[in-house]
Structures are given as structure tokens and as C-alpha cells.
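Chain lettering (A, B, C and D) follows the sequence in which the chains are written, and residue indices restart at 1 in each chain.
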């Protein structure tokens, strides 16, 4: 424990570290041979409790938020303000008949939702949700995150293949193509952060951003490369987790539900859960990398416990996802691929260059202004050029229409 | 192509999100069982039969003329004519329906029966909360279920009902006047006849005294 | 790509095949084994009802598409032939169940042509008001559904339905029903509109432009929408004319043919409105046609509401019940929101029409669905179908 | 509706003028005009089978007419009907004074053969005029139900001719894809014909027997138990 308890922030610190302290206390009061078990349980159980709870909250938040965006009320009948809606949904999913197509590959069909949920939970191991609140301290935490995260592709393809449905197969093919393509810009956009922070451990990346100039924090998002990287990361994350406008694998209006078309009842709920868990995880990673993780946005707000900040930021991210979902139509497969390889990938590389320039330009009053200008130019010019290049060959523009002459 | 259209769209949805909390024009949803839209006067759902007074049997306006049965586009009305007659609102003896059924599972609420009825006997109801836990029963509405008093009509379609009532009152007046005139004429005739009868003892009693 | 466009000639006479010729051209896949046969529909989220497309796919590329209909077939024409002239009106409501007012108008216009019935002035104005309100709500709904097909989570659809709700309230207030209005009669309309109704309509027409603006801000410049729709589902002009495509879909290809202008039925020659024309004939043009026509509808509504005279709304000489037109035939057509809605009636002098035929724009606009979709991906098929604007009630009749 | 005689650019679209044009342009083409007594005054032209496609191409491509838009295609069924007419015949009548030749009025019943008819409503998108109405008549309602297809001329006839085939049983020779369109493929009859008898409405439905207590004797069994 390298946290220094200062007199002034004593109470705040104690509240901040309350879960850590409780954990230590519980482990300390367990008989020696069982300590390893309690230690594991105290890591696993909170994750299994908190994030599915957040999932339940998010489903109702999403439905209400979308509702308000669309000028409706959203669910408001079950419980106060419709807050118990997820309970009703869960009960419904549990009591529904579990249908397996006769021609489906039974074992794989059964395993797919389990695999996807397990991998979705595993990535939380390296996510710092508060000061000293990382489940497993891994030096190569980011690598672990991406390695495990890409295992969901396996589950998706298992689901799509084993269902033996043409729509499932189309959905699975779309999903594989999309996830593999977007993993590249997703990982590349984090490299800029790794270069600057010089570490792969998420908690150290947070600590690198947890200092302040005056009252303003040193978050990476407030630099040109960081801002671009953040946008790239979140776009790729939306694609990676099949969120709108990249929800092609499920593309309801085209291939009905994609790879989950043959799932019903609780298995469907598991897919749903996994999807949201991935969103939380990848948003959490985005927060860790670019938004200062659990650190407070203004220095004097540090009295509020760090884990509250983490979840507050997470909620903001989720709300943004909902907002985007309520606004944008879906891309088409070839456009999606074009976007990944012709825009996202070059931009991620440019962002790396930008980060490198930022890193090696000297500090100082004049230089810091100059550094800002140079790096902004490095990011904006390719952005405009690439965005123009995306419509190469095809003229995509707003059109002006004529009217028939009066006759 | 720089994403400004997307940003514009995001602002529009944000405006709508916030607007739905303040602008009644945006949030048009009505929380149905607790609050309800007032139905417009013209609203229609399923037909019902009108009767005057308190007795649905005696006051039923329908004279079993079968016009609505023939004109009904989905043919969901079934009428059986009575064998005897009963007096209608102006006192003229008329047939009445021994049976008047509407199959509401077939009825398409088109109001053609109301339009073609020359006797103001059938009108459209506004009641729409008709669901029951009985899936197959209760879909054939009989005369008993269909008959509703004029007061009910006045309640749900006040303007229309006022017009109809005025017209019918006029008819009654006319009929009364006619009856009075006829009675006067008859009385004169009777007097004349009586005078004549006095001569040869032939009565005019065979003719009905009332028209 | 080594796939080539295989064109089968329909005959030796080249005059016979000015266009593709009745769905004869199909893309050939490299290997037959790559073909994936998918039946899109009849139960599919974006086939707009019980419509089915037998699609052959090579990857996600369409190499063959056969529309299959009839799931909602109820032989509307036979039903109408068995009933009287009046009894057919409520059935026309159920053709294109989003636009019952214009359906009524098409039918009453045919009967009026057949029997030589004149319509009072006020009724003509009311008809125009109703038809343009219908057009507005149909087009708004279409844009919503199109975006829904594109995967926009229903936001534009909900905005469209929000305004549609207000228009339907107006319909309900005057006709008694929101969708199945059954309002127009040959020789006029069923009941007169009250002054309060007129006032409400004027108020609504005043706020409708705001709604179109909102739509435009939300959608018009959206890059994803443009990328998804421009150059997708292109319909060549000659093919459109030859295949009898009508309505906004035809005008999106640049053909100036609006029956309101051509036939000047009703009193449409009294109003000033413009006919927007497209250039490319793709989905984006079709979408924009609808948006622009919504604005023109508002302008017609404003004029009609200003000029509407007092007077009777039903021709007193016309017998509604038991109409017996002279033996003969008539074809009456109007510009419904979806295209040319025609009614062909043959009378043999009795109370029932001898032949009653609906020329449904939806069905005929689907003729060229395959031509528009070949070589495109499944996602484009859905969007293209959405831009055709079909209602199964009218396709299957 | 403008009367068909009033073409937008002054082209004479009356049935007689068109008939003259067609007869002049196509050798051997026989065209008859069908009168229309109703106020609509929309008269139509009956084309013969052999020259129908030629005539259609002429109507479509003629630079004056340019009837490029075939709006409506439909079938009409005219069943066999008995024509009762009163004719005066000279006949030997056995009278009181023996047989004499006399003019006697007599009702004679003849069976006018029915036919199926395809009606095409043509308009011009270029010239903005119309309608011109074409009719094609089959020989009879049984085997002779063949007509030349005009789909190769106007693509818009594709689905509508299929519909006429489906509902009336008119076989269009030369149609590229003549299948049933609205009824299912196994359906045998032609529902829009006047002599079609629809099947009884109370056919068994799927619900029968699925509902608890709906099967016959269920109540009985419960009572026994």
C-alpha cells in the first residue's frame, strides 16, 4: 500500500479506500489455509454483483433515454419510474422456453453464450475501478484485456455457425469481419497512450494522469493526440461491441438478429448481458486510458471517492452511447470496412506519430503552445484529407433539387 | 463528409430529449388508463340500437326494414322480422325486430348502417374498452345487448342527438297535427256518416278510428 | 470481380426489349455452390408487412430476387363486386391503410366519372385538405420507416408518428375514425367540417413546417444516410416509365408526371404548387422527393384552408344508397401518396359494379424491385424496398 | 378526368381516329371500337390477337401518340349468357282454316358464347395524354383462353398480367414469367370469374382441437371422472 494518509484528507481517504480496507480486514480475519479462497471470492463476487447490476440499470436507462430522445416516456410501469423493469425482463427471460433448432449443433449452440459471458467477465480483472481497486495487478494488463476481449469473436462465430440459420451465418460472418477489422484501430489508438505513459499496466496509466495543473487534470484527452485517440478508440469500441451505428451483426432490419436469431430465453439474455458487459469494459478502458480513470476532473473534487468518479464517468460514456444510438442509422458492410481500413487505421497511425512528436518536443512556455499547434495540425490535416478520401470515386453530397416548370 | 451532419443530428436529438421534458407538443403520449384523450364527438366504434323511453322492447326504434342488413359491407347484421306490429314513436304500427344480432367480430365500424337507416334507429357507440377474458363468447351481440336508451345517445353524441331529437320531435308534431286533422276530418266524416246512418242504419265503425 | 452481367434477350425483335425485359437479367455467380438462398419474409422486420423476397445471395450480394406476395390477399375486388357502390367505400379504406382518404377519393372519382356526378365546391376543398394531410403523414411515416430500415433505432419514425398522431386526431374529429375514415362519398363528403376543426387544422398546418425542418436538420446532412442511400437502388428513367412506376418514385428519376398536374382532377388546378424532380433515381432522391413533397403539401393546405368556401358538402341529386349508373365503364385515377391509384369500374346497370378493379401503385412499383436490387447487398435491398413505399394491404388487395 | 378526345397537345385520341391510324399502319390489323354509353365516354379498341403486339408497339413508339405508360391491366369475365330475343318469323300456323303462313312473334334463346377480356389503359408520360383503352378478347372461357402478352412492350404489365392469369385464367403467350401471383400455386380455380363458387367458410381451422376442452367429448370425459 503506497497510499499516504494525510491528516487533511483523512476521512475522504478512508471513504475512498473503504472497500480496500474491508477486503484486507476480511482476509486478515480468515484462517490461513482459506485465505486464498476468500481473496479470490472477494474479487470475483463484487465483479459478478456490480456489473450485472449496472447492466440491469443500463437497460432501463437505455430504454428510457431512447424513449425521451424519441419523445416517448419509455418503460414506466414496473416499479417506481419503471426502475424494476429489468426484474420483469429477467423473469421473463428465465421463464421463456429455451428453443434449440433441431438441426443445430447442440453442444456448440449451448456453449456459445457461456463462452461469451465468461470472456466478457474476465476482462474486468485488469480494470482499475478506483484507487488501489484493480482486481489483478498485471504489468501487461492492456495486453491481457485485448487478448481476452478478442475471444468474444470465437463465441460469436460459435453462435452463428451452430444455429444453422442463414441469417445467423450472415450475422456471424459480418461480426467476425467487423470485430477483426476494428480490433486493429482499437489497439493502435491505445499505443499512443502506452508510448506517453510508458507502461502497459492500466493502474499506472491512471496514475500518470492523476496530477493537476492548478485545478485542471492532466488527462490525455486534453491533448491533441489524446483527443483524436479517444475519439478513435471510442469509435472502434462501438464497432467492437456492435453498438449503433456499427450494429451490423445484429442489424435488426436486415438480418433480423444476426447470430442470436436462434437464441431465446435465458441464453438470449446471456448474449445481451455479455454485450453490455463488453460495453462497460471497453468504456472503462477508454476512461482509464484517456479520461484519467478514477481521478477527479478538478483537483478540489478529489474528496469524492475515486470509485464514484469511475462509475460516474462510465455512466457518462453509456449515456453517450445511448445518445448516438438514438441518432444514427447503421452503416453498410463495405462502408464499415472502408471506414476501418481507409480511415480509422491511417488515423490511428497518424495519432501515434503525433504522440511521438508530442513526447519529444521540449517543454517550456513557448514550446508548449507550439507543441499544441504542431500536434493539432498533424491530426487535423490527415483527418480532413482522409475524410475527403473516403468518398473517393463516389460522389456523396447534399443535392439540390429542381422543380418541374409550371405548364 | 467531415461528420458535421452527424453532429447536427446529435444536437437535434439532444434538443428533443430535453424538449420532451418541457414541451407538451413533443411528448404527445397519453398515459392511458390514468389519463385519457377526450374522444371527439364523431368517434365511432360499434353500432347500437336506440330506444325511446324506459322500455327497450317497447321503445325500440328499429322497424326491421332490413336496409342496414343489406347495405352492411361485411354483412354482419342479422335481422328477423316480427310477425306482429307495435306502435312506433308517432303511433304508427310497425314491425319490430324479433331478432337483431350484430357479429362484432365481423363488424368493421364503417358507419354505413347508421347512414342508411331512415328511422334513426341505429347509431355508433364510442365505447372501446370491450375486452373480456372470454375469448370466443360474447362476440355476437343480440338485441338486448345492443339496445341503449336515447339518453345514452344524447350523452355520447350531444350535437348529433340534438339534431335527431329535433327532427323527431318535428315528426311527432307533424304526426300529431296530421292525426288531429285526420281526427277532425274523421269526426266530421263520422258526423256526416252518422247523419247518413241515421237514415239507413249503416255504421262507419269498421274503419279504424285512429290512423 | 469476375462476375459479369448476363443479359438474356427476350426475343429477336429488339423493339421488344427496350429495357431489361421482365426480370430476365440475372447476375451469375462464379460457382453455383456459393449461392445462398434466403427467404426474406414473410415475417421479417423490414418487409413492411407479409411480403416475401426469395433472394439468392453470393456472399451478401444479390444475384436473384423474386418478390412473392398474396399473404394478405382477400380478393377485395370480388368483395366489392358483390356489394353495392356505397359498400365498397369502407373497403377501399383497407387498401392502403395509411392513406384511407386518398383511397376513398380514387374510388369516388371513378364512380363520379362513371355516373356523371358533380361535387360541390366545398366538398372539393375538403377533399384536397384531407388528401394533402394524408400525403403529409404518409411521407413523414415513410421517411421514418426508411430510416428504421437503415437501423436508426426508430427516432425519425417516432418523430413522424408524433406529427401523424396530430393529423389522425383531425381525421378522427371529422370522420370518426383515425385510419379507416370512410369519409368521402360520391358526390361529396359524408359530413361537413366544423369551424373549430378548420381552426385546429390551420393551427396544425402552421406548425408542420417546423417538423419538416427538424427532419432535415436530423437527417439531410447525415453522412451515414447519404452514404447508405446515394447510388443505391438506382432506377433508370426509361425503365421507370416502361414499368409504369408512378408517384415520388417516378419523379425521383426526373420524369415530370404528377397526376394532380396532368389530370387536374378535383380542383387541383386552382392551387400553386411545384413538382420536385430528382436526377439520379436512387434511394436518396426518393427520400428527398418525399421531404420536398411534404413542403408542397403544406403549401397546398395553406391555400386550401384560406380559400375554402361555405356551402353544401354533398350533391343532393346523388343517390348514395342504391346507385345504379348507366351501363358502361370508367377509369378514374388520382395521385395517391404512393403513386397512381386507379379504379376501373364496369357497370351493367345494376346496383353492384360488374367489374371493380384497383390499379394499385404499390404492386406495380414493385415490378422493378429486382432490377434495382441486383448486385447490391442485403442491407441495400432492405433500404431499396423501404424507399419503394409499399403497404401490403394494397399490394395484395 | 379529361375526356379522352382532348389530348394535351391536340392529338386526336378518339377511338375512331386511333382505329384509322392502326388500320393504316399495320397491314391486316382488325380493330373494332367498343362504345361506352356512360357519362365517362371512355371508348375502347378491341385488337385482334395476331397484330396486338405490333399495334401496341406502334402506339408506344409513334411520335405523335407516345403511349409509353401502360397504367392498368386487368381481366374481365364475360360468361356465356342466354340472349332472349323476340323475333318475328313466318311460320305455318294451324288455324281453324287449315295451315296458313303467318308472321308470329316468338322468343328465341341463343347462347352467346362468353369470353375473357384483358383491358389495357394506356397513357403517355411524355405527352401527358390519355387514356387510350385497348381490349383483347379470348376465343372462349375454356381452352381458348390464350392472349398475346404485352409485357414485352410495357413492363408494367408483368405483374398485372400475372394477376389476370391468376384470378381470371387468361394465359398470356409470350409472358416471361407467368405464374400465380396472389393465390398459392396449388390453387386450381380462378376466383374472379363470375361463376366461381367460394368454398364454405366454416372449414376447420388450426385452433380446433388445440384449445383445452375444445375437442369433442372432453366435457363428457370430465363429467364422467
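The working rule: a contact is a pair of C-beta atoms (placed from the backbone, for glycine too) under 8 Å apart; a residue touches a chain by one contact, two chains touch by 3 or more.
Just so it is clear, the model here is predicted, and its values are computed rather than measured.
Shared contact partners of chain C and chain D are absent. A count of contacting C-beta pairs for A-C and for B-C identifies A-C as the more extensively joined pair. When every chain is reduced to the mean of its C-alpha atoms, the one closest to the centre of the whole protein set is C. Taking the mean of C-alpha positions as each chain's centre, the chain lying farthest from the centre of chain D is A.
One finds 43 Å separating the Cα centroids of chain A and chain C. Work out the mean CA point of chain B and of chain C, and you get 36 Å between them.
One simple way to say how far apart two chains are is to compare their mean CA positions; for chain A and chain D this gives 65 Å. For chain B, the set of residues touching two or more other chains reads 1, 3, 6, 9, 12-13, 16, 26, 28.
The set of chain D residues that touch two or more partner chains is empty.
For chain A, residues touching at least two other chains, in rising order: 69-72, 326-328, 391, 396.
Inter-chain contacts occur between A-B, A-C, B-C, C-D.
On the chain C side of its complex with chain B, the touching residues are 79, 83-84, 86-91, 93-94, 155, 159, 162, 165-166, 169, 172-177, 180, 182, 190-191, 207, 214, 217-226, 320-321. Across the complex, chain C meets chain A through its residues 36-38, 44-46, 60, 147-155, 158-159, 162, 218, 220-228, 230-231, 256, 258, 261, 274-279, 284-285, 288, 292, 377-380, 382. Those residues of chain C that touch chain D in the complex are listed here as 10-11, 13, 15-17, 19-24, 69-70, 73, 75, 77-78, 109, 113-116, 239, 241-246, 250, 255, 257, 262-265, 325-333, 340, 342, 344, 346-347, 355, 357, 359, 363-364, 366-368, 396-397. Residues 1-2, 8, 36-40, 42, 44, 53, 57, 61, 68-72, 74, 76-77, 119, 121, 125, 128, 131, 133, 151-160, 163, 167, 175-177, 180-184, 191-192, 196 of chain D are the ones that touch chain C when the two sit in their complex.
Within the complex, the chain B residues that touch chain A are 1-3, 6, 9-10, 12-14, 16-17, 19-21, 26-29, 31.
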